[in-house]
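Input: one structure, supplied below.
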């Protein structure tokens, strides 16, 4: 603290001391809806970001029963969506899991169906349990199995449900609702017919756009988001394994791939991206930090992450977040099997706006000292 | 109000009523850093945006003397920059003029020079008064006259000063500091040598990139911002007059042009854009509203704008803001001369993230009923 | 013919008749390396393109033995490449199969290896027979099986060979050599070490870039061609079948997909593209014509195509070409199985230059009258 | 020659010697519309390009009287356009001035008007003499003065004429007709009404798009070519002078700028680009060579160029060409004034297709030995 105070006492920083004259001046400025920049400059122009979010891990063994409990407490048609959301203790006022990202766990029973709607916020889902889940996006219906990843982009009509012959399903929702609200750009509409009707064949989106390095010759896609709306787990895991055979991987993330819009190679939605990464047996990555918020779900295996100096042990389906500019490293504690982490984040937002910055930890062999 | 409550009572909105059972459930959820979405859903997914900023007009006749008063109160080398900032009464906590945009009026005397620094936030300046002002960006020094517009993009070393033979200058600063902070991505560095040294000829940027539809054949520019860092008022006004001869203009904005990166046609910086618009003699535009925050400075003439139903009369050098999703229309009250409005805004951010939305006012011939 | 002559006798066409005066004038012009435009205008500005190439079908049963015969006649180290090329009877002077496209059939025996080299021309290969074939491009070695498609883009070091334990292989080469020569832009270099050495794992390119809708997070690819250099037949056929389940397909091409650069969605090389199309059992497409040259190889099944009014019957491995602006339609004569056509073409060149044009045949239910 | 034969006798080149067996084989191949690659390989895969065009200079003092002579010989309504074209002695068969580029000198008298038409070929014009010339492109009418540069892009309706109160005009036409024909993609249409009718104000294109670094806010331009169709000489020369004050320029080209599409920064048309370059008093550039064809017109001053070892002296309005991969350097022989060269070329085609290559002359201080 003393340190920082000293740093601010140099040329190029505000270092004006209060005087009675200045105080009178500040009062006069306030009357005209103005202020003196030097009274706030050092705080609004910090040397580096200080994240407001806390690193948090939500255990699936804690979450699951609470989410299931909601089945008897509320109906989708009253709740809108039967979702328990992850509330970062430092971001309660914006209902965010981390930074400007929302996340929740949703559950539906066989035969349930939520009404179609659309909003300016973008959404994604990562399926956790159950059979028979489906999502319909702009008339494209997709069947969903465990660990499949599905998009409901910005402005698209969408609805979710479980087939009559399915089982109770649980999935993680990820949205940029807090960002959309912060930018005062959220709109919401309920579908005029309550539900979408569609003549399109089931899973037409993955059948059309989900093959490697091939596109329909006659494609007319012109939306700013991915025409591929569902990414299958079996293909994703296979891809990671193939890539793992030929790469050393990242020192900070192991073998890490990015879900893309196959039509352009860009992130699949405008504001949020998603990754799946594989940590080899016993792999312990080095620490780095960067801007942007990341929310992880453990897709396979067990281990721990050190985030901001604190150790978070995780196993399959646990969820945790890494706030901006916070050191983090990951460790697969399994000696004989790989571990996989799904994550979604606002890095596309950060990159588009020129706000992405990254730093490797140099000290201590690249590893944090665990203090928490 | 009653109206909205009714609207939220439909399928597709959250309409769960509290019960003792639910209240117990909510308490349990809170213990696990979670919450029930339906308790916040309608508020975090509003039907449409409700801006938090107030429309405000800052009169130059009020601002100018207060800003000049600072000359005797603080030195640039202590204040960092001698700036009186515009503080929206609803955005005090983030020191913003509107939304996530910062703006202030800066003044420097002949021979003064502020230290070089850089930050993740982007900045722009619109010169208001005085002679001899200059800005140096990454070694490119630019001389600045009244109504010239100059950029200091994200991450560039920059400094400002007034030549010894100049006069006291005033200019408006525009920055995305509040946005950069909200996204937890701000960094600040003081130049290791306090000031930049440069061998580049004065005004090399406009000499190289400031001509119509011509680019250096051998240009190696690879930055995400405009290589043209200064936009001259005489050329801008001439451009508007030429365009005015061949266009009807926009019903909402008159004859409006956008400052661009001449290398790409895109906005000159990643997060913020700027426009100059001309209202013909007696022109009164129709009202529309859209997402994004706009801060206007009257570059020429006088008139008024109706913003959110309230009339704001303006004349040259007055500054006013239009918050997101707020109806606005402009009127040039001069019968014999055109009026010009300079503006800067965060529309590039909104557009990149898919958050731009716009609506024309249909009622009352497209004009607001003035209530304030 | 009389018809066309008449058409040229209108305003907007050259219709100057020779006179003694004009003839004297033309002679004077010729002495100054000039000419009168109106003497050539109608011929250099035709109403529509007249292709110089003939439609040709090369039967595999004819080609194969001739190609194999070369094995005993020349060694790769003397021939450079042991290739029998397809010589369009109307394009002999440029050694082209169609338009500005070169194609040939290459064969190598187990253990043979051709020297590494590079050239400004782009090349592609479609494997026809044999096991153990491989290609090395810029150090990336790829194993090749029947119907795999492999790239050796513009300017890349490349070499081909057959593993010691492989069998005699045959494949089709496609190159834009004639185009590169026509544009006077061809360069050729022999590798300084005769062969490339590489430490990269086998098939690292498909392992890294060959998975659906996933990209390495940390990818640094910055070349103008696809980082995926090999496209597997099993995945391609599977993709077509999946897509066939959800699309009606094109009236002119059935179920048709384009091989893409998975990093960008663009064609995999700058000048040439490639497609695979599936004709359903008994499908007979309608006729259209367009600019650009296409060379087809039958990947599966049998049928015929009508090209410029002439019927060409084909079966697996037969090769045929469709010249520019020539009507063509395809027919799968198999009642119980699909047929597949591989094709490569210069449509990326045509599209980049603004030269793509297309027309559907309106008459006769969209089918040509077969005259040849 | 002996030299090259030797070079071709290495591994990686074709070096098969004829035998009776091979000759029989070649005959058999020919019967099947095939050939042996190794019989043509070294010629179709040259070590480097050998241009087919000759460097030529056309003197204005020779051209001008011949062009004017045509006024009495043909009427525009019979000739289509009254153009004397530049016929490279090595490219007579394609009516090209250099490579695949056409160029001619057109003349029209006051009150003459040529019929509207369109074609797949792109065209440009550089005005040489006279007053009152105009071009109409897609309804946009542009007035043209000396040294103005105007586009009639690929596929646009266009027509030229001279106002009644104008004088006899001469201008240089540049087109990619030979390229369009080589790619078998040319189409030609005469306007159904013979002439375009238009309500658009005169010079609306430059008034809208011709200002530095400003674009209409509401622009809907979606064509692949520049919305700015006319580039004024006064602005161009001013731009060069401004740029000259702050740049050393290119060692090969002096102070050189590229005409761009101001909406994108790209070349203004898909296949052809244009430059204006300024050689300072007494400047003598170094020699380089590159792929692509360039046709120069001297816009100001006098000097000479050395092209392929031959010296070509030029003065204002002279035209000369530089074929691909031919050494060239330029010299302004005026001690007290700058010289300017306008040029147009097919470099956009070369760059889009990956065919651009460039080399500096290392020997002799970077200057050619003049042999011709």
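Should a chain be cited, it is by its letter among A, B, C and D, assigned in written order, with residues numbered from 1 in that chain.
By definition in this document, a residue touches a chain if its C-beta (ideal position, glycine included) is under 8 Å from a C-beta of that chain, and two chains touch if they have at least 3 such contacts.
These are the chains along with the protein names UniProt gives them: A, B, C, D = Gentisate 1,2-dioxygenase.
Owing to the predicted nature of the structure, the values given are computational and were not obtained by experimental measurement.
Distances between chain centres, each the mean of the C-alpha atoms, put B farthest from chain C.
By residue number, more than half of the contact pairs of C-D reappear in one of the listed pairs A-B, B-D or A-C, namely A-B.
Centre to centre, using the average C-alpha position, chain B and chain C are separated by 53 Å. Chain A and chain B have Cα centroids separated by 29 Å. Look at where the CA atoms of chain B average out and do the same for chain D: the two points lie 44 Å apart.
Shared contact sites, meaning residues of chain A that touch two or more other chains, are absent. Taken as a graph of touching chains, this assembly forms a single closed ring in which every chain touches exactly two others. All chain pairs in contact, by the document's touch criterion: A-B, A-C, B-D, C-D. Across the interface of their complex, chain A is touched by residues 10-16, 21-22, 25, 28-30, 32-38, 40-41, 44-52, 56, 58, 62-63, 66, 69-70, 73-74, 77-89, 94-95, 99-100, 102, 104, 115-117, 119-122, 154-155, 177-191, 194, 224-225, 270-271, 291, 323-325, 349-350, 352-357 of chain B. Of all residues in chain D, only 200-201, 203-204, 206-218, 226, 228, 231, 235-236, 238-239, 242-243, 245-247, 250, 253, 256-265, 268, 275-277 touch chain B in the complex they form.
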